Amino acid sequence: MKVLYFSWLREKVGTAEEDLSPPEDVGTAGQLIAWLRTRGDNYADALADMATVRIAVNQEYVQLDHPVKAGDEVALFPPVTGG
Amino acid sequence: MKVLYFSWLREKVGTAEEDLSPPEDVGTAGQLIAWLRTRGDNYADALADMATVRIAVNQEYVQLDHPVKAGDEVALFPPVTGG
Amino acid sequence: MVVRVQEEDFDIGTELSSLTTGKHGIGGVCLFVGLVREMAGDETISSMTLEHYPGMTEKELIRIEDEARSRWNLEETLIIHRCGKLAPGDQIVMVAACSAHRGNAFEAARFLMDFLKTKAPFWKLEDTGKGSQWVDARDSDDTAAARWEKG
Amino acid sequence: MVVRVQEEDFDIGTELSSLTTGKHGIGGVCLFVGLVREMAGDETISSMTLEHYPGMTEKELIRIEDEARSRWNLEETLIIHRCGKLAPGDQIVMVAACSAHRGNAFEAARFLMDFLKTKAPFWKLEDTGKGSQWVDARDSDDTAAARWEKG
């Protein structure tokens, strides 16, 4: 599973992109985020407030209950500020 | 008094601009139009339906009760269709 | 604040950059450009002639801009309207409203167009295969302008 | 239908004419251009960097255009958004909606901007005298987008 981070989420986590193999009981975006938080203070800090985290799976916006699986591209980022 | 006509009002009256000296009892735009109608079928036809006539005195929109006097520039034209 | 009535065509990019260059408080520009359509009902238009009332036209356009500037916080405004003979696809009119924020720019540009359509003394004569015909004013334009009347 | 994400600047006049040339059913074009403002609150901005999510950005922009075209009768639409480093006064984004009638063009262009602001994955980093700072999303943008939600 490829996980991407953008904007200050990228800065806080400390990487733009990583290939991860979460445990088998990680089946949703919400479970993925819970697991990521356990990987270190940088993750816990970046993902502390879900009100400021948007999730895309395979380049489409999803909610926390959306399934994630091996081979997916999951992106985590703050609310967008373009335009 | 200078009287200007535009668009199909100009075509119906048959002139774009004329210098006129209405009788002394013509004191408002409405009275001017009533007097113009007596000047010939072309005027009567052009000014038959006041719903399609707009009036400007000295280049500002006015209503029928607006005063007109010697030296004024009075314009009569249909509803505008620019833009 | 720019108001022009002219026979010549205008270049949107040039007009816009002369309006905004060096004015770094502008965050958004809403522009509207009106073009001559080829069809009028079922008739194909070969050309269109725009008559106007020189003197009063400019005054009305300035009045419309003043009104927009009194209603919204605008950094710049522009109205250019062509007169004379035009062909399908030609540019007729351009309005622009520049503001710090996009909401003001959109609202003001639409206001400029709605008022211009009902107040600026221009008249369109369409040339079709069946001869020339003056364009009728539209009730929908009066309705659009009435939206902006203060309650 | 045009969607582009690019580092290079764009020329509004060129973009507009390539959008409308030969399409004589277009009566009105509403264009919005977003510019980098010099001030962010009390701070002067020296430059701004736009990060985005390549791939998803284009998909979201296409989705936004599709949605606009399903809601209004549009002859053409365009969205160009820049990425990378920009300076105050620089163009960030351009949207355009072309329609037979001006109401559709105004509504659709505003919809494109409102949705782009809340959906397209771009993030602004402002460089000021006090260092760099990511721009916060605005509640007013969410409110603007929510206006368009179908009841």
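Worth pointing out:
Letters A, B, C and D name the chains as they come in the text, with residue numbers starting at 1 for each one.
Keep in mind that, in the parts below, contacts are C-beta pairs under 8 Å (C-beta built on N, C-alpha and C of every residue); 3 or more make two chains touch, one makes a residue touch a chain.
The shown structure was predicted, so the numbers you read here are calculated from the model rather than taken from an experiment.
Counting steps between touching chains, the shortest path from chain B to chain D takes 2. Note: the chain lying farthest from chain C is A, by mean C-alpha position. Note: centroid distance chain A to chain C, computed from Cα atoms, is 48 Å. Between chain A and chain B, the centres computed from C-alpha atoms are 73 Å apart. With centres taken as mean Cα positions, chain D sits 26 Å from chain A.
Within chain D, the positions touching two or more other chains are listed as 34, 102, 113. Looking at chain B, one finds that residues 83 touch two or more other chains. Annotation, chain-chain contacts: A-D, B-C, C-D (touch as defined at the top). Those residues of chain A that touch chain D in the complex are listed here as 4, 6-8, 56, 59-61, 75, 77-83.
Within the complex, the chain C residues that touch chain B are 34, 50-53, 55-56, 59, 81, 92-93, 113, 116-125, 134-138, 141.
Every residue of chain D that touches chain C in the complex is listed here, in rising order: 11-14, 16, 20-39, 88-89, 100, 102-103, 105-106, 109-110, 113, 144.
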